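What follows is a set of structures to go through.
The two complexes that follow have subunit A in common; it is paired with subunit B in the first and with subunit C in the second.
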Partner chain A sequence: MQLLLQYLSSGIATGCTFALVATGFVAIYRVTRVVNFAQGAFAVIGGMAAYALLGRGLPHGAAELVAVGLAATAGLLVGLVAIGRRGSPPLASLIITLGIGIGSYAVLILIFGDQPVSYDGLPGSAAIGGVTMPLQFLLVVAVTAATFALLAAFFNRTYLGRALTACSSNPHAARLVGIDTTRMGLVSFALGGALGGLAGVLLTPLQPVSFNSDVGIAINGFAAAVFGGILRPVTALVGALVLGVAEALVAGYSKASYESGVALVLMLALMVWQASRRAPVEEAAA
Partner chain B sequence: MRDGTGPLLDVGDLVVRYGQATALDGVSLRVDRGEMVALVGPNGAGKTTLLNTVCGLLPVAGGDCAVRGRVAQVPEGRQLFADMTVDDNLRLGAWTVRDRDPSRIYDLFPQLATMRRRQAGTLSGGEQQMVAVGRALMARPDLLAVDELSLGLAPMIVDSLAEHLRRLNEESGMAVLLVEQNARLALELCPRAYVLETGRIVASGPSGELSRSAAVQAAYLGGAITPSPSEGEGRGGGF
Partner chain C sequence: MTVRGRRLGVWIGAAVAVGTLLLPIALNDSQLTVYVFIGLATMVVAGLSLLMGFAGQVSLGQGAFYAIGAYTAALLAKLLGVPPVLALALATAATAAVAVVVGLPLLRLRGHYLAFATLAFQLIVLSVIGEARDLTGGDIGLPGVPTLSIGPLALEGQYRTFIFAYIVWALAALALLLNRNLVRSRPGRALRALATSEPGALAAGVAVGRFKLQVFALSAAYAGLAGGVYAFFLSYIAPGSFPVLLSIQFLIMATVGGLGSISGALVGATVITLMVQLLAAVGTLPGMPLHAPAVFSYAVYGLVLVLILLLLPQGLVPAVQARLGARRAVSAVEASAGEAA
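Now for the complex of A and B:
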């Protein structure tokens, strides 16, 4: 029982970082209809940049904040290349992000080296209901909850957030009322970068991150995003928590190496299920 | 081109292409301030292309398209933000202007005031068209470009919407460029009209004259007496 609760708490913590990556996928996909394969790289940039900045003596908090800012900038740059040319089809943009994601390895090795990095998160631990868990777990959960609350307020209450939603709802109508959909796409890429970076700075103390950790991070984030058809952040959050807990249980009770298989199997099952469910609906609509 | 120097909309020898295909081939059209002008023609003539070019959504391949003022479009099929509220739809219409308060639209269409929190996609066709018109009005346009006001709506609702347009035009001096399949409605509402066929203007002038011309009657009014341009029956002008 004790063990189970421990797996649960660590699963929820990693699930939260998946949720942030997933929301990055969602933020970008909603506005641009581009699946951003560089999403995992944003998390790696966040984690490695925070590590480097902490090494230079920047205090906790400031280092993480700057790292998230750098990841947002990286997001904006990826967006400029991927969708900056007006009228590029989403599939072409997707391939561009895939290329940038792989190309980022070289840049990351040049800047941060090829060794996995990690740093101490929030020190200490707390006992809740008889389970001792690191405070970093609680920090991850708290930051994720705050981020989702902020995102909800941003999309539902601010004019810019509504304009982003409008681009997702009906891009043609968005252009008609004068919204620059390409510029909104760039905003969404920057937001996706920030969310990926935030996931990275929270994840790195839990598990070391290296230049090629992006694939694993992106697969987990994407699997969670697929839960909500890559369109609904809250469903993606639920998906991410389920995924995080499932992986922690699999790793705990069987072999740790099976862990990453969980996301792939889940994603495959979901996509097959969704595809088989959606087809008749579209036929009826047509 | 500045405000107040010439007609509100001045289209001259306009050419617009989609890739290799020429959609508009030397179109000239003018709308003065405060004027209501109809643009009629069959499907695929290029009416929507012309509106989208006027709204700056399509590149001009040749000729001029000068707009001396603000233009807003009520697109064909409404094109609302279906999963957003009526209120959000209206507010987003004001993206290019400062004043985002939709209360004057609710004054204009009191029916919408009671549904401001509802998702626009759940409204009836007529109510959705009101939202589409309201959203365009939020931009405080000098020219309202309306694409198929009547499509898919009951005659009573169409009459009411047309009456709203007429009143807006009278009271605020807003010009209207109305694209309509229902040529009878368009020619009744607008004093002046153009007929567009396969990318060219084939006739233009006061609506009264146009609706008396035999060619327009046969093609768009289904004969002089038949109430709607139905296939077959009225076509030959047999009455």
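Now for the complex of A and C:
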């Protein structure tokens, strides 16, 4: 029982970081219909930048904030390349983001080296209901909850957020009322970058991150996003928590190397199930 | 295509074929190894280009089929003592069979879902190979794969790489020829309809699902065959030989050459392999930092993919063909205008 609760808590913490990555996918996909393969790279940029800044003597908090800002800038740059040219079909944009993801390896190795990095998160641990867990777990959960609350307020209450939602539900109508859909696409990429960076900043103390960790992070985030059809952040959150807990249980009770397999098989089954409920032939979305 | 255009194509094809046949004589052993790798990549990319260009499906899992082919051929030859040529044939068939089984559910997905699904498939295949230690040697790899042999004639000694080069390029030429005939046949017309509009093709009576699955299986068979030859050539394979990056590399080659272009597979595989080899040579020059080769190759993969998609989204070969075609059309118009005057 004790062990089960331990696994649950670590599963929820990693699940929260998946949720942030997944929300990044959702934020970008909703507005631009581009699935951003470089989403995992944002998390790596966030984690490695925070590590480097902490090493330079920046205090906790400031280093993480700057790192998230860098990831958001990276997101903006990816957006400029991927959708800056009008009329790129979404599938071409997918391959472009894949190219950027691979190209980012070169930049990351040059700046941060090719070794995995990690840094200490929140020190200490707390006992809740007889389970001791690192405070970093609680921090991850709290930050994720706050981020989701802020995102909800952003999308529902602010002008910019509502403009983004308008672009996602009907881009033509959004342009008719004077919303610049390309600029909104870039905003969504920057937002996706920030969310990915935040995930990386929180994840790096839990598990070391290296330049090519992005594939694993992106796969987990995408798997979580698939729960909500890559459109609904809250469903993605639920998906991410299910995924995180399932992986922690498999890693705990069976073999650690099966951990990633769970996410993959779950994702495949879910996607095929969703696809089988759709019409067998769809016209490609314009 | 005009008669002149076709004649030009035949001449270029003949020149490339003769060049391919003569080139190994002038190459040393390490250059021949690169030559073999270009041939293997051409086979894989020929399948991927067909899949992406005609069935409109992105696969990030060709590396998995390459691995399945390699391990099947290696295990059959090493553990069961199956003659290598038969092992190659069985590996090709087994890879195609795996593709059918995997493709039945996965090909219901499209676009980015299929891209992620095939990527996931490759990760699963790699972890299965890594886990089945008793059979595959796990992450340490499988050494001592026998070399290719026909009856008592084993491929060994001084001319081993030289002969391998001819075998690989004969197979690559076969794959390209098969593609060409396939595209021009009745199923090829159905595939072209599929590439233009899936619902349109379905409405015109094309069995869309079946054709997609067949192209997927064919592309896997090419990759499986290439993987089998790779195993016999290197005589050592490990999961690390088939990283996700390998699949991405095949995707880059297919995109650079031009999706759905028959000769594009050859051009894409050649251009990218040579470019990476050149940069690796530059990266290992004295005075270069230790991680220079890796940095160069990642940067090139990224830059090439992004630039091609932004500037020449149809790929190199179709772009050049369009340029030549346009010039011919202009000169034809000028000629007829001259006659009229």
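Side notes on the structure shown:
Just so we're on the same page, the second predicted complex is superposed on the first by the 279 of 286 C-alpha atoms of A that agree within 3 Å, B and C clash if a C-alpha of one lies under 4 Å from a C-alpha of the other, contacts with A are read in each partner's own complex, and residues count from 1 in each chain.
In this text, a residue touches a chain if its C-beta (ideal position, glycine included) is under 8 Å from a C-beta of that chain, and two chains touch if they have at least 3 such contacts.
Being a predicted model, the structure only gives us computed values, none of them experimental.
Of the two partner chains, subunit C is the only one touched by A:102; subunit B is not. Between subunit B and subunit C, the partner in contact with more residues of subunit A is C. Of the two partner chains, subunit B is the only one that A:162 touches; subunit C does not reach it. Contact with neither subunit B nor subunit C is seen for A:80 once the two complexes are overlaid on the shared chain. With both structures placed on the common chain, the touch criterion links A:176 to subunit B but leaves subunit C unconnected. Taken together, the subunit B residues at the contact with subunit A in this complex read 55, 57, 72-73, 75, 79-84, 88, 91-93, 95-96, 100, 135, 139.
Only residues 159, 162-163, 165-166, 169-170, 172-179 of subunit A touch subunit B when the two sit together in their complex. On subunit C, the positions that touch subunit A within their shared complex are 58, 105-106, 108-109, 111-113, 115-117, 119-121, 123-124, 127, 130-131, 198-199, 202, 208-209, 244-245, 248, 251-252, 255, 291, 294-296, 298-299, 301-306, 309-310, 313.
By the touch criterion given at the top, residues 35, 37, 81, 85, 88, 90-92, 94-96, 98-107, 109-110, 113-114, 215, 219, 222, 226, 257-258, 260-261, 264-265, 267-268, 271-272, 275-276, 280-284 of subunit A touch subunit C in their complex.
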